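Lettered A, B, C and D in written order, each chain numbered from 1.
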Amino acid sequence: MKYEINTIDQAIQIEILPDKEKIMIQQGKNKLMFDAVRVQPEMYSVLMNNRSFVVGVCSMGKNRVTVNGTPISLQLLDAVHLHLRELGWESMQETKAGLIETQIPGLITQIFHQVGDMVNEGEPLFLMEAMKMENEIKAPLTGRISKISVKEGQTVDKGTNIMEIG
Amino acid sequence: MFKKILVANRGEIALRVMRTCRELNIETVAVFSEADRTAPHVLFADEAYYLGPAPSNESYLRHDKILEIALQSHAEAIHPGYGFLSENTEFARRVAEAGMVFIGPPASAIKTMGDKTMARQAMLQTDVPVVPGTEEPIDNVEEALAVAKTIGFPVLIKAAGGGGGKGMRIVNNTQTFIDAVGKAQRESKSAFGDSRVYIEKYLEEPHHIEFQILADEHGNIIHLNERECSIQRRYQKVIEESPSPFIDQDLRDRMGKAAVETARKCDYVGAGTVEFLVDKHKNFYFLEMNTRLQVEHPVTEMVTGIDLVAEQIRVASGLPLEIKQEDVKIYGHAIECRIYAEDAAQDFTPSTGKIVMLQIPDGAGTRFDGAIRQDMEITPYYDPMLGKLICWAKDREGALNRSERALREFYIGGIETTIQFCRAVIRHPVFRQGPYDTHFYTQFQKALHADITRATEDVLVVAGATLYQHKEQLKHISESGKSDRKGRSNWVRAQMGREQS
Amino acid sequence: MFKKILVANRGEIALRVMRTCRELNIETVAVFSEADRTAPHVLFADEAYYLGPAPSNESYLRHDKILEIALQSHAEAIHPGYGFLSENTEFARRVAEAGMVFIGPPASAIKTMGDKTMARQAMLQTDVPVVPGTEEPIDNVEEALAVAKTIGFPVLIKAAGGGGGKGMRIVNNTQTFIDAVGKAQRESKSAFGDSRVYIEKYLEEPHHIEFQILADEHGNIIHLNERECSIQRRYQKVIEESPSPFIDQDLRDRMGKAAVETARKCDYVGAGTVEFLVDKHKNFYFLEMNTRLQVEHPVTEMVTGIDLVAEQIRVASGLPLEIKQEDVKIYGHAIECRIYAEDAAQDFTPSTGKIVMLQIPDGAGTRFDGAIRQDMEITPYYDPMLGKLICWAKDREGALNRSERALREFYIGGIETTIQFCRAVIRHPVFRQGPYDTHFYTQFQKALHADITRATEDVLVVAGATLYQHKEQLKHISESGKSDRKGRSNWVRAQMGREQS
Amino acid sequence: MKYEINTIDQAIQIEILPDKEKIMIQQGKNKLMFDAVRVQPEMYSVLMNNRSFVVGVCSMGKNRVTVNGTPISLQLLDAVHLHLRELGWESMQETKAGLIETQIPGLITQIFHQVGDMVNEGEPLFLMEAMKMENEIKAPLTGRISKISVKEGQTVDKGTNIMEIG
């Protein structure tokens, strides 16, 4: 089956030929003998044409792996998606870039804006105290604040939706 | 020597201190918060006592509770580690009043040096040069602005009560100054309970160099040479090394002498660190003295062969130093990489969660001072440092290569860490070449972060194909309820088949 | 210098060699048997190739396969580690014929020194004293008995073709002699494909002392002082240290000179070890020369600061030694504990199974050279050594204390190991006091094994109560299908309750 | 509930008082506050009157634990067993001391005896080659060989019954 591996700045076409005995990968003119064996629930030992890689599949569900430590965010598009794209459909899910979520639990100490404010990319949005440090969270893109979901002085959990831009 | 010591700390430094205690045949008492019932320092200790809920001010900062436990467990001394109560004059005084030994300098030395402004005032009476700036801590913003204008921008705002980069701000102009002072005051208040700050001249192309000091009660003071600490982000050290690639023997001798003079000025006893800024013309200025064990003390241990915690304990029990200045030699080179639970790609935001997979590097010249374990939960309550990787080799190039090898070997799954960031620094040509200054991170930030995620086409194919197989297996598990193909290798079977045919 | 090296080995030594390769910026090629597809050396290497089924003679001993892979992968050199093909003249010759470098001495030196009888004959032409015994290997039992009677009982029977205690027997009288020769011949045949044995005088109260040698192609030969290897069981080393508590500087110099002379006699190049027996009067006798890296090489690395694998590789690539004899210094003291997957209580029977829990000691002066991982299966196919714990400190007492601390910290769950046995040796008063001889184990066997299981009443209560709780929890799980109380602490809750009340 | 902890050379009576909040142990006149928390499937952190122990429950089913590394083989007798013993019944299961089983897989190279032979404790019974070493297995007690279950040259798995004495 044909796949496309997409990262931020690259796209590679491969064909995966699974078999009962082995996995072969066709990449352009190269045939690659691929063998991945799970050594821990979230870690694989991979041999590809005898080159050895340790691959971590850190976060289940997320399209993110580490190869010999290097973190790689990727999308794997299968033939169906590729075909849809050929037909002019954009199959890739649009990510909500303007959604600001907390990465860790903490205390919201100050919010610099109100709903409706225009903010520039890199402009401070709010202050959050976590792990004894005051963290200034900046706007990831330029746009108008459409929603603020928390108040100053509020304690928030990891993954809380704080505000939305655009 | 003491028979029993209470370690009033947690994490890697608690474990570090307890290891030496056990080697000296001293029993150890751990204290722990609710979040730390099964933390490594609790499992390691001979005894362990519950302190209180997870927040530090309800557990590791509670003088009363810790003193009560120390008395109950018949501990003869208390080792405060770094952070928490390590530079708390009040606590040091109360320990002594309760008839126990505080393993640290006398309360007077903590008081003098702990308050950066008092320290500056003391140092102005010596031959040791200090950076121009405020002599009194400032609570008033307008007053601070006046000083800043006098010494000229850029200036540095620092918390009077603490260290470790918390509450620190660099300001380039009048416009942003007032806002920055406010932030520094709030952070300082939250971290150290003291909102006063002070202002000093910000040196350009500065090197952050510190000297390790050992002093006993009998008036002997020696230094164990320098540590180079110019690799910082958010004003926090990330990578330290000894010796410094910037310092020559003449400068080392002069700075060492100044460090000893500093320690003598405040009647120092125990292990301490004198921090200097050195400009590009090799002029050095006293910055501050840390009246405790430093995070980065192992690099000094690796190049001198001296166990600093053992020396602290010996000195605290009243014994004279066994080492003389002329016995201190530098053997080879050591580099420390601090491994934080932080996402370097997200401006070093702390990362919490469960360590689902752990592989710690080992082998020749490779030391890891940590307090982590597979399946352990990293909570958001305390400092996000997981541990320190220290690599030694006979020269700097060897130590760089060993660090790179060890960082490549290091694997922590389930949370974000600074392992890859450290790897990017270690292999950066400017760092490899040395010397570098404290601007290193800001200057090469982009290149460093790009290096972390740099991947060849082959690596992308491996990433994609493994993700494919992983998802296929998960699919099969959920479809059939059967186990996956874990531990079985298609390819080995294929090769075997070929061989048999 | 080489660009790529194939490591024809597995386990800890393969990993050890590859770590240095990576530090020298040399690419590594691993080979693996069917049982080792996910072994640590495969995961560490840059490339990995399948050799064959699990048994060594179908995988790690296959000259043809290994040479084929070396050529296919464009390796420039082959490092054999220890064991397997490391002392195989035929393999060394074939590597050279195929245009690659065998990282080890010339085939001629392996041939001379690998055959113990040839080695004895060579040494009889030098000033180095040898132990009285047969000069020719013996296949005939009656002939062997005649020799034994001539030199007088007790005598030692040894395999002519191998090492590591395999095929070795000590015999005290004529009655048991013939039976012992038979056993030694069978073992020797099975292990090395050579049933010949030789007989030598068994020295009383002997110390097993060996000297590390480094030699280059340019005629430079140096020694890196001694290793004390008298702690053995089943004629296999368990604990080694450097320097030896038995050797004084005069004896060290004389033995070092003899070791260098031995190496020179066989035109040695690379890293090697000259083993001596030293009797209680400090007379020393040449025992054998091991023409490879030894298991216990890290103790020498820790006290000299020299990376022996790096030196092996440098010398093999034709470079001259960088170190001169007068540059070799002893810094502090190092002790190695070999951790085997063996049940000490059952006469050191090998133990196989899954490592369900793993905690490797770390911290100052603590090195573990191993190749194990949590959830890894220990198979019955290869040597049962899991790794080596090496502790360094500034003196022997410090190294003993550090070893004890580290062994206490060491936890391997799921299989039996020699960790507790090593701990019993380390804290035995005779070992602590040193010097000790090779009879140490037989002499104190009972006390050592009793020490392993010694427990206070409190420890028994803890054992019983934990077992109670564990079984209760298992019962609850199987009864209700619900999860156990993992990670929750009754007692913390109790204390919290009290605090809130 | 009352328990007796039995090892080869010691016997200790304790009373375990489980509670929703804690476990108390009464040992003679001592009251012990006991808290065991599982940190890994086969490892507990134990605090008993504030003393810290790491306890491994290595082999499920077997009555064997390690406390700070020290291996301890023990039996835990509950009130029912203790009562039976008071009444003169021997509740402890008799172990088959004369049953010789292999600890690891290997090859039986030589058997020195036949069924019916008398052997003394410590006398060699058979040779087994495993992990490249020839292992001489000795008689654990004096008695008559009642059964031999394998032949010379046979490859055996871990736990195979080789012979029985008495």
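Throughout what follows, a residue touches a chain if its C-beta (ideal position, glycine included) is under 8 Å from a C-beta of that chain, and two chains touch if they have at least 3 such contacts.
Just so you know, these numbers come straight off a predicted model, no measurement behind them.
With chains reduced to the mean position of their C-alpha atoms, the one farthest from subunit A is D.
Comparing chain pairs B-D and C-D, the larger number of C-beta contacts belongs to C-D. Computed centre separation for the pair subunit B/subunit C is 37 angstrom, with centres defined by C-alpha atoms.
Subunit B and subunit D, compared by their mean Cα positions, are separated by 47 Å.
As a whole-number value, the distance joining the C-alpha centres of subunit A and subunit B reads 31 Å. Residue positions of subunit B with contacts to 2 or more other chains are 37-38, 44, 373-374, 408, 487, 489, 491-492. Within subunit A, the positions touching two or more other chains are listed as 37, 39-40, 47, 51, 54. Residue ranges on subunit C touching subunit A, taken from their complex, read 30, 37-38, 42-49, 73, 373-375. Against subunit B, in their complex, subunit A makes its touches with residues 3, 5, 7, 10, 12, 14, 16, 18-19, 21-23, 25, 27, 32-44, 46-48, 51, 53-58, 60, 63, 65, 67-72, 74, 76, 103-106, 109, 127, 129-135, 158.
For subunit D in complex with subunit B, the residues that touch the partner chain are 37, 39-40, 45, 47, 50-52, 54.
Subunit C contributes residues 15-16, 19-20, 22-25, 34, 37-38, 44, 50, 52-53, 298, 301, 305-307, 331-332, 359-360, 362-364, 366-370, 373-374, 377, 393-394, 398, 401-402, 404-405, 408-409, 487, 489, 491-492, 495-496, 499 to its touches with subunit B in the complex. Residues 56, 166, 183, 186-187, 190-191, 234, 343, 345-346, 349-352, 356-357, 380-384, 407-408, 410-411, 413-414, 419-420, 423, 452-455, 457-474, 484-494, 497 of subunit B are the ones touching subunit A in the complex.
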